[in-house]
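Presented below are the structures under discussion, each in the form of structure tokens.
Here subunit A shows up in two complexes: once beside subunit B, once beside subunit C.
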Partner chain A sequence: MTAITSKTKIALLCTLAIPAAFSVSNAAAKTLVFCSEGSPENFYPGINTTGTSFDVNSQIYSRIVEFERGGTKVGPGLAERWTISKDGKEYTFFLRKGVKWHSNKNFKPTRDFNADDIMFAFDRQWKESNPYFKVTSPNHSYFNDMGMPDLLKSVEKVDDYTVKITLKSQAAPFLANLAMEYAGVQSKEYADAMLKAGTPEKLDQEPVGTGAFMLVQYQKDAIIRFKAFPEYYAGKAKIDDLIFAITPDASVRWAKLQKGECHVMPYPTPADLDTMRKTPGIKVMEQPGLNIGFLAYNVTKKPFDDVRVRRAVSMAINKKSIIDAVYLSTGIAAKNPIPPTQWSYNNATKDDVYDPEGAKKLLAAAGFANGFKTDMWAMPVQRPYNPNARRIAELMQADLAKVGVTVEIKSFEWGEYRKRMQNGEHQTGMMGWTGDNGDPDNFLTTQLGCDAAKPGGGNVTKWCYKPFEDLIKKAVAITDQAERTKLYEKAQTIFKDQAPWFSIAHAVQLTPMRTEVIDFKQSPFGRHTFYGVDIKE
Partner chain B sequence: MTDTMNDTVVPTIHGSPPHPLREFWGYFSGNHGAVAGLAIIVFVLLMAILADVLAPYAPDMTNTSVALTPPFWQEGGSTSYLLGTDAIGRDILSRLIYGSRLSLAIGIVVVALSVISGVVLGLIAGYFRGILEIFIMRVMDIMLTIPSLLLAIVIVAILGPGLMNAMIAVALVVLPHYVRITRATVISEMSKDYVTAAIVSGAGKLRIMFSEVLPNCTPLLIVQASLGISAAILDAAALGFLGLGAQPPSPEWGTMLADSREFVLRAWWVVTLPGLMILTTVLAFNLLGDGLRDALDPKLKR
Partner chain C sequence: MFRFLLTRISLVIPTFIGMTLVAFFLIRLVPGDPIEALAGERGIDATRHAALLVEYGLDKPLLTQYGLYIGRVLSGDLGRSIVTHETVINEFLALFPATIELALCAALFALLIGIPAGVIAAVNRNSIFDHGVMGISLTGYSMPIFWWGLLLILFFSVQLGWTPVSGRIAVIHFIEPTTGFLLVDTLLESDKAAFWSAAAHLILPTIVLGTNPLATIARMTRSAMLEVLGEDYIRTARAKGLSPTRVVALHAFRNALIPVVTVVGLQIGVLFTGAILTETIFSWPGVGKWLIEAIHRRDYPVLQGGMLLLGVIVMTVNLLVDLTYGIINPRIRHT
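The block that comes next holds the complex of A and B.
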């Protein structure tokens, strides 16, 4: 060092300054890197439907009530406590005081969170007159698919810290519904400021929430950088920085995890699991997933309007070979539209038998003795409920060729794919669902209900069947779980008989991570949240 | 190299000039690389023609109970699947054999499409000159400024994914090369005496274009076409890799490669073998093209 002239010393210092500062703060700050699988659609969960977006928004926003970490139990969130009237129609929420908002370069909050923000959260999704209703997208999928517009009678602000919600009818899963991601609360003050500035879309691009982490930087398809919010109402997160390194390819994610470039990764390729379990420094957490992957028949399109054709196709596909080849050890065959870990699962349901001969006969009876041509959509990305849709599609294609059905596999970019399927442009297509509030209603209404069967709704079979709809509507209006179970079991029998889906499998939820990660809890809903997670030095 | 050259050129000593084909073979066989290329192409061609006889299984027959079996020489492999199986239990050897059909068909169709349209456009541009030439050549220049794969992706995006559309896209992308070569040769041939003689003796435009000038452009076009086949196979494989080319279950090599990316660390044979096939075939066509150029190009003749 002494040999270097002072000039070079200064130059050297300058070049070192930035990395040095970085490493110093690193020593003190704990950074957790999550190799996420894709970019979020935006930063407003109310119009999102994918786990990818929810994983991001979940860190930023808080909700009126929250699920306990790693469970399905609903606990206090922005509301400290609540009361429910005897008839189950009136909910009064007493809000937490002193909850701080994040700030960013556009916005410095002048007030704490209060009832106005809750009102805004509802109005934005509910009332077309709200100036924000159409901002970013007018399609509030979750809010609509769960029948909220029909369920809500009024949302009233009693005082700054009390909100009263009145329902038109009793709804058992209502509280759990409010803990879901789409109900993330945004700042009314920020919304007003952005509206005034003429840039309302900023509300959803540069988010301000009350959650455990605040957004620092987002670069599409590259990185999302968060910082722990020191004034988070439940106390600052144990880690200081949270980074989402966006890595769409599962084998690249695994390579990064192995090399220590990230600490946690979602959705491993089943084929890599054995190696992962054997690799020192890596642990793989697993739990039965609250999900289902399926092939939806579009019942509004020929020939799938004929239930015989749907049954025949279901009979012609060899489910076991799909699970063996694609899910490997990470899936169990699905016979019902809900997973076995979900209460009200109907054990008595008989699964479709693999019977190509029977399928041929049934097709002949339906007037398709020589088979027919159909498209089959397969999503281009890996999902928690489906490790490789294109591969499954190829297997189905081979199976269906044996009964004379010619299948053309189609794929679109994931966002486009979902939009087109929700509009019902497909004949058959793969889709899936991860439950997000622990209630069977969350599967049946959003995926098979009539509200969701409208164009743009989440029911991609577009199947609206009165007897089924009546049962699930009735079940939602009672609170007695035993009673509801009976109705849901009946609904599952009808579902099986009408065969709007070929239900494929329930995937085991797997989260590989480095052993330095402490206290990560797998969410039954497939979320990846990092509040409460710590890193060993 | 020179020895073989002398052997074959020997006949010239006996007075009469050698038959053109014989002379061509003399030059061509002197280039060992080109002969090797030709041998490989003949092999791939036979594979394609005899696919039904050679392939042990149907290319799209799945059998998930044997998924990801390694090749026979590796531990766990079996001789019933010589080169192993892919993720859903299809025999890789059979798929590669059937894939050669697709790849050769792609190469030939693409080159045929682009040669025919390229030659016609080039002839028109070179013969008529003027505004027509300017128009055609500027359009070709514009096409050349866009990176070839990008242009192909744009065209497929418009037409929709599929093998036929991918071939059309690739044909369009390589078109400018043929147009430019044809036009340049036509212009230089037009000033030659035999053309003037033909014009003087009252030959029609079409006759001059197609029976006088065109035959004299063929050597260059043959060379470009043989090199073009390899480019076409490669581009089509790239489109297949991006999911825009051949659609499942067709055993196109590029598509096979893309489908098995995730196994690169775990089951090398699923990824490596289609890649090797693309490599050898493309290399063979390139070697052949080089040999043809050496043998046919008058400027390079000794």
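The block that comes next holds the complex of A and C.
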């Protein structure tokens, strides 16, 4: 980075004679600049819904348990250990002692983190009687979406460093749910002080956490500055300063990365990837993302209520040509409803073979020898799991025309699109999912479960199949991962046999960065966290 | 003059009401609502959706919502962003100086180049310079901002390394906003390096945003000057033996200014529109980018408040432009 700085300065002196340093300097302190894509919604992860906000808040706050860096395994966080009762309903967390809080101009903590803060984290999202329930927003989106209000029976403080959580029923993903960003722990002492001062909203605007970095400055749509928290319980971060330079346009982020104005950028444009890989000083980290893009057949509508029709359509679509033409080098073919990085992925599954002749025969057997007409919904926006739904729909339309199926492509404004698909108004339509917590249940229940198949639910295929439902219900009620894996593998076999989706692809996660960046780990959830990352001197 | 002011201000009232109507109803014609926009792929169940609509007052009939909104606006409350939960006025005030700083620089750039270019082109009618200015201004007028911005970044920032790519200032400079105008704030902190960095960051966005107004101003100045230069009083001035510079600068230019000033006033609106794209390309933290984001997220209060505030500013500028007519040409009396 030093070389880039010098080069930039020379260019400036020779041309504009402006004594400005545009590039990142790390002469005194190690500074890492991340060209982030947008501003956070606020600094309270409990009401955040975007990855952009979670990227910011995951630097500041810690959770009771944490995902391992670059993985989905749940490990100790603010709790150094925990026990689970035999019936799987009681979780006792033993909290870490000596965990320090950040401070800011409004607040200097007088005590370390303790059980009161955990109680506050739950109460704020759960109980309407909590004075902070409605502060900033009452929409505790993830807490509700992960089913916490229905699952929690009680949260009790046993002593200052022990908390017992009792569930109404067994739920294997519970620990993973607590490692998600929405469960970031805020300071109860700070909350009380702000309430007393009549400025409760400051809790969510000028954050105080126990995380690896503390917030120093935020200018909306411009910059977010963090400083490494020297008293972080796991040890100070390797970098001293972390800067998010907010840069919404992907081409501009790439220009900044080339010029050394930032070290790491998210979400590159697929068209730039070849150049990025060939550019000296730049490396592109990639791994299959925890996501899936698919074409859902609405099984409540004819002719997709017939499994033979669903299988025939899946056989008639050339998946490889779609991935080559639309995903370029950023997608891998999907054969299961969960991605290969997800534990319990069934590698033995045989994917649909592209066989138009076989598809014709199957359609004839189902009584559609002359084909049929159907709609195909294509989302109007680019999504992490689908770079261009309209183009994919056109390719599918051409493939299906060869077997006599006439496709009419439809699209709506994105919000309306989701709402109508979730209400089951389509015959076929594209949708997708990005995993939240690294648990297979987060894919299978939310996308293929019977509860989600009701109008308005996330299961847009509206497929509710008892043998599949029984397996995923059984799997969520036990904690033994090997046992659960077996059940989920069987569920994937049933899914493939019943073909409620044509699984398209898993988008590859791409993180371009400068070669000076050391030990950056890609998060399967698409997060960008910088604890443990270093920069070459 | 006072009566003129009163008349103009009374005309502002129906315009203001029209603006509130457009700002309020136009965004509601777009399908979806802020709650759905926040929900994403997971969707939101009907009960929670309904509860949140009630919480944000979006369940009431549209006319009731409009009435309540107007009531709040008149009491100075523009509401809170549904996404960030910050007050609209605070967000606007934090971002507006960046837009103004950029718009002022772009306006200066357009005026300082556009007016002399138009005058020289008119004086040297049908010369190579005239054709050149007109050709370039036509190109500038037709240039899509997004393409133009990226082209300049790739050439001047990435290839030549002369200018920074985007942002308002290099990240090494830590400047706490006092006025919000970085050129001023850096000077107030006596940080010369930061000042030059802020100035360098302004170069490309200024050119991109100023290109279209520059082209318009140059063309308008040329045609206004051509008209004036053919007038009898110009011929008289020349016959009296005045130097060509004096004739052009004092006699012709001043009389040609009125249509130019009108166009400049109208360009303020163009600058705000252009700022929306320019700010997105150059990661410029201004109100343009803020409004675009609000459209995507159906953030009704931000859109309504932002459009209203910008509308008021454009109206005020146009009122001021009207008042300058009397100064430029004393024969125009505001009665």
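Heads up, the rule we're going with is that the second predicted complex is superposed on the first by the 315 of 537 C-alpha atoms of A that agree within 3 Å, B and C clash if a C-alpha of one lies under 4 Å from a C-alpha of the other, contacts with A are read in each partner's own complex, and residues count from 1 in each chain.
Simple rule for what comes next: a contact is a pair of C-beta atoms (placed from the backbone, for glycine too) under 8 Å apart; a residue touches a chain by one contact, two chains touch by 3 or more.
This one's a predicted model, so the numbers in the text were calculated from it and none came from an experiment.
Trainee: Give one of first, second, both or neither to describe whether A:Ser251 is in contact with subunit B, with subunit C, with both, or with none.
Mentor: A:Ser251 contacts both subunit B and subunit C.
Trainee: More subunit A residues touched by subunit B or by subunit C?
Mentor: It is C that touches the greater number of subunit A residues.
Trainee: Counting only touches as set out at the top, which of subunit B and subunit C does A:Thr49 meet: first, second, both, neither?
Mentor: A:Thr49 sits against subunit C, while subunit B stays out of touch.
Trainee: Going by the contact rule set out at the top, does A:Ile409 touch subunit B (first), subunit C (second), both, or neither?
Mentor: first
Trainee: Under the stated touch criterion, which partner chain does A:Ala115 make contact with: subunit B (first), subunit C (second), both, or neither?
Mentor: Neither subunit B nor subunit C is touched by A:Ala115.
Trainee: Can A:Glu261 be said to touch subunit B (first), subunit C (second), both, or neither?
Mentor: second
Trainee: Considering only touches as defined above, state whether A:Leu395 meets subunit B (first), subunit C (second), both or neither.
Mentor: In the superposition, A:Leu395 touches subunit B alone.
Trainee: Please indicate which partner A:Asp272 is in contact with in the superposed arrangement: first for subunit B, second for subunit C, both, or neither.
Mentor: Touch partner of A:Asp272: subunit B, not subunit C.
Trainee: Figure out whether A:Leu448 sits in contact with subunit B (first) or subunit C (second), or with both, or with neither.
Mentor: Touch partners of A:Leu448: none, neither subunit B nor subunit C.
Trainee: Quick check on the output: what are the common subunit A residues between the subunit B footprint and the subunit C footprint?
Mentor: Residues 249, 251 of subunit A touch both subunit B and subunit C.
Trainee: Would you mind writing out the residues of subunit A in touch with subunit B in their complex?
Mentor: Spelled out, the residues of subunit A in touch with subunit B are 249-251, 269, 271-272, 275, 321-322, 324-326, 380, 388, 390-391, 393-395, 397-398, 401, 408-409, 411.
Trainee: What residues on subunit B touch subunit A, complex-wise?
Mentor: Answer in residue numbers: 60-62, 64-65, 67-68, 87-89, 243, 247-249, 259, 261-267.
Trainee: Per the contact definition, I'd like the list of subunit C residues that touch subunit A in the complex.
Mentor: 30-33, 35-46, 48, 52, 55, 83-86, 91, 94-95, 98, 150, 153-154, 157-158, 160-168, 170-172, 174, 176-177, 192-193, 196-197, 199-200, 280-283, 285-286, 289-290, 293, 298
Trainee: What does subunit A use to touch subunit C in their complex?
Mentor: Interface residues on the subunit A side: 7-8, 11-12, 15-16, 18-25, 31, 33, 38-39, 41-42, 49, 134, 136-139, 141, 144-145, 201, 204-205, 217, 219-223, 225, 243, 245-249, 251-252, 255-256, 258-259, 261, 383, 412-416, 418-419, 422, 431-434, 446, 456-458.
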